[in-house]
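Consider the two complexes below, in which chain A is the common component and chain B and chain C are the respective partners.
This part shows the complex of A and B:
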């Protein structure tokens, strides 16, 4: 891969990584809930940008759709519906701040030592990228492996169906169905019986 | 299959000698990215101006008025420019009760979310800023971000009218996203691809190949999609958030001047975006629908891409394609304007009922039907499609063609630049 091209990508990576981390800190520092949501949007949005930068288009779009467009909007919507005053404030006591910071630092230490403990092989992505199969076009292999076929692995003939993610995919869908039914049950209009 | 010359390759080929070696390909990619961004921003800052003028004229005609007639002479075509100058001059207000950071940044959220959608929207074969494999998914994800700016605007204004407007808007946009996505999946089932460029290219060769006529479910899905898209752009008859009589201006009550106009630029840009998606998914994209003309344009594009034919002819074929695409999308915008001035506004509970009790089940039914249709057709008539030239055969033939073409050695620029190919036109 070209040297200067790597520089451009790592420059973009640094910019988006900085936005991600700084706005994550700002989420903790901010006082009102909606400002927290605003900083969270920046943080999660630039995480999506990092995914796009790593040629993981599908994961990036899923990050935008699910976390920024879905979860956060629901969060802010909940705040708007339930807030008693104009700007809901969350004040943390000094004890909570110290405790939270200690846990966060511990977690960071764990993640850092875990990342350092792994011997990372050379990036595998660069091999599959070619003129016929440009970077980021991962959708078809992804969909096929969710259906239980792995055309990207060089399997012997007649063994095309063995690995894949069909079972986890089905488990997740059943789980989501259960959640949907449960939500509909909880949110149903309650009839008054007797009393 | 959709290979065309990228802007970066173009720069390397024709302007390479003007760039000092030290800058390298990065510099060219930066230039290519800037060219794309400037083109997109300018084209789509201009298109809202045209649509606002159109809205005024159409509403005038529908209400038996003339609309703007004076500014700029004939038909008042400079009215939008005059409006723009007026808006720029106005004071940029921020109410004391507002959360000023959020209040000031909310219009940019709306605007950026609408404009960013054009990154993955192809205007002609290969004319797309980012030819992503999951283009439809990305465009739906980006368009779903717009609602966040609106919630922020409504909440941070410090006004109860804005808050109510923002809440209604959020509820409406979030719930209409569901049938929008399901309806957009119906042509995806027929195409077997989420790549907007591929979906557009598959509908070549006659009006019967457009996905709206692919099966009866797709035909109805188009109309459901159009209604849902109108609602998700918060256009009348679904514009409860801007109910002038109760909520003044809804979420943008407190805004003035250029920040106010950003909301409208965002609205018109997303109208064009959803109509563009509709024309790509259902109405053949950049294909004219006339078989000989379509085939001729396709041949011209392919010839110029492979370097055999004249590059100018291929370019002109793409210009014609872009013209056809923009015309189809603009017709969609025109229908949205027409609906706005013809239909009475719904109540907010009616808006939500329409979505959750009617449109979501209808779109689910259409989705199921579209998946079962090929099986039914195959069982009943032993064919996979009612058209004389089934989609699968054509796609397979094109893939064969392109694999033969790519068996020739690829240009060295293309091979070495592949990782950054996302940033440039493919």
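This part shows the complex of A and C:
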């Protein structure tokens, strides 16, 4: 098998990383908020593709369902409901733009040099990958850990189970319920005479 | 050419910085919220990259699931606040939100 310069997975990573980065820059640069929403959808969609490439299938699917299909649609509704007329443009002044770009590049340089200077440790144990358990098959271990058991971490003698993520799961569920009820109450239609 | 951990962290850093600039410079309130979403996604990408390339494993992916859920909740509340501001002041320009200025 001849090794080309870049195999398929690396090429896909390059394509999706380029789309993600360029769309994120386009979100900053775009002048109207509707165009910002479009570039944001593109950026988060290709982030989901990067998740799939990093063997996180469930997180990638959750990103597409919840983030792109839920949160971003909510943001687009917000854009629609707070529209400020077709000829009114809210834009930043050129001096602020240059200052923002300079600070952004500086911060980017700092973060990137910090990341490059660390010697990240390799994984201790290679995960067992077979034909019927492909590398991204994280659904069952994730689901079981949210229910309270960690089958990937259980100690060999069998009667000591490490705690799963059941308590955070319950807390986040109640939190989501309370927050959504509160947001629906806050955004209710009010009568004109009183609040 | 193999892309490893550094490549994912670079993309996450770009997302984070773009979100930060968006939060700091946009005058539209919804634009600021889009910056918040970008920042959270940069962090999520970091989590997933560390799950794949270091010994963090499944814990990092569970954390990123919680981040996604909490970001959805926070976007809902932030949009409710933005809608109320727009209904009261008929503008979404954050520079006009200066009633509490001393």
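Convention: the second predicted complex is superposed on the first by the 144 of 195 C-alpha atoms of A that agree within 3 Å, B and C clash if a C-alpha of one lies under 4 Å from a C-alpha of the other, contacts with A are read in each partner's own complex, and residues count from 1 in each chain.
Convention: a residue touches a chain if its C-beta (ideal position, glycine included) is under 8 Å from a C-beta of that chain, and two chains touch if they have at least 3 such contacts.
From a predicted model like this one, the values you see are computed outputs, not experimental measurements.
In the superposed model, A:139 lies in contact with chain B only, and not with chain C.
Of the two partner chains placed by the overlay, chain B and chain C both lie in contact with A:72. The wider contact with chain A, measured as residues touched, comes from C rather than the other of chain B and chain C.
Of the two partner chains placed around the shared chain by superposition, chain C is the only one that A:104 touches, whereas chain B remains out of contact. In the superposed pair of complexes, A:58 makes contact with chain B and with chain C alike.
Look at A:81: by the touch rule set out above, it reaches both chain B and chain C.
Of the two partner chains placed by the overlay, only chain B lies in contact with A:38; chain C stays clear of it. Applying the stated touch rule to the two superposed structures, the overlap between the chain B and chain C interfaces on chain A comprises residues 5, 55, 58, 62, 70, 72, 74, 77, 81, 138. Within the complex formed with chain C, the chain A residues making contact are 5-6, 10, 13-14, 17, 20-21, 24-25, 27-28, 33, 36-37, 40, 43-44, 47, 50-51, 54-56, 58-59, 62-63, 66-67, 70-72, 74-75, 77-79, 81-82, 84, 90-92, 96-97, 100-101, 103-104, 107-108, 111-112, 115-116, 120-125, 127, 138, 141-142, 145-146, 150, 152, 165, 168, 172, 175-176, 179-180, 182-184, 186-187, 190.
On the side of chain C, the complex with chain A involves touching residues 1-3, 5-11, 13-22, 24-31, 33-35, 37-38, 41, 44-45, 48-49, 51-55, 57-58, 61-62, 64-66, 68-77, 79-84, 86-87, 91-93. Within the complex formed with chain B, the chain A residues making contact are 1-2, 4-5, 7-9, 32, 34-35, 38, 41, 45, 52, 55, 57-58, 60-62, 64-65, 68-70, 72-74, 76-77, 80-81, 86-87, 126, 129-132, 134-140. Considering their complex, residues 24-26, 29-30, 97, 99, 101-102, 105, 132-134, 137-138, 140-142, 144-145, 147-148, 151-152, 154-156, 158, 163, 166-167, 170-171, 174, 177, 194-195, 406, 410, 414-416, 418-422, 426 of chain B touch chain A.
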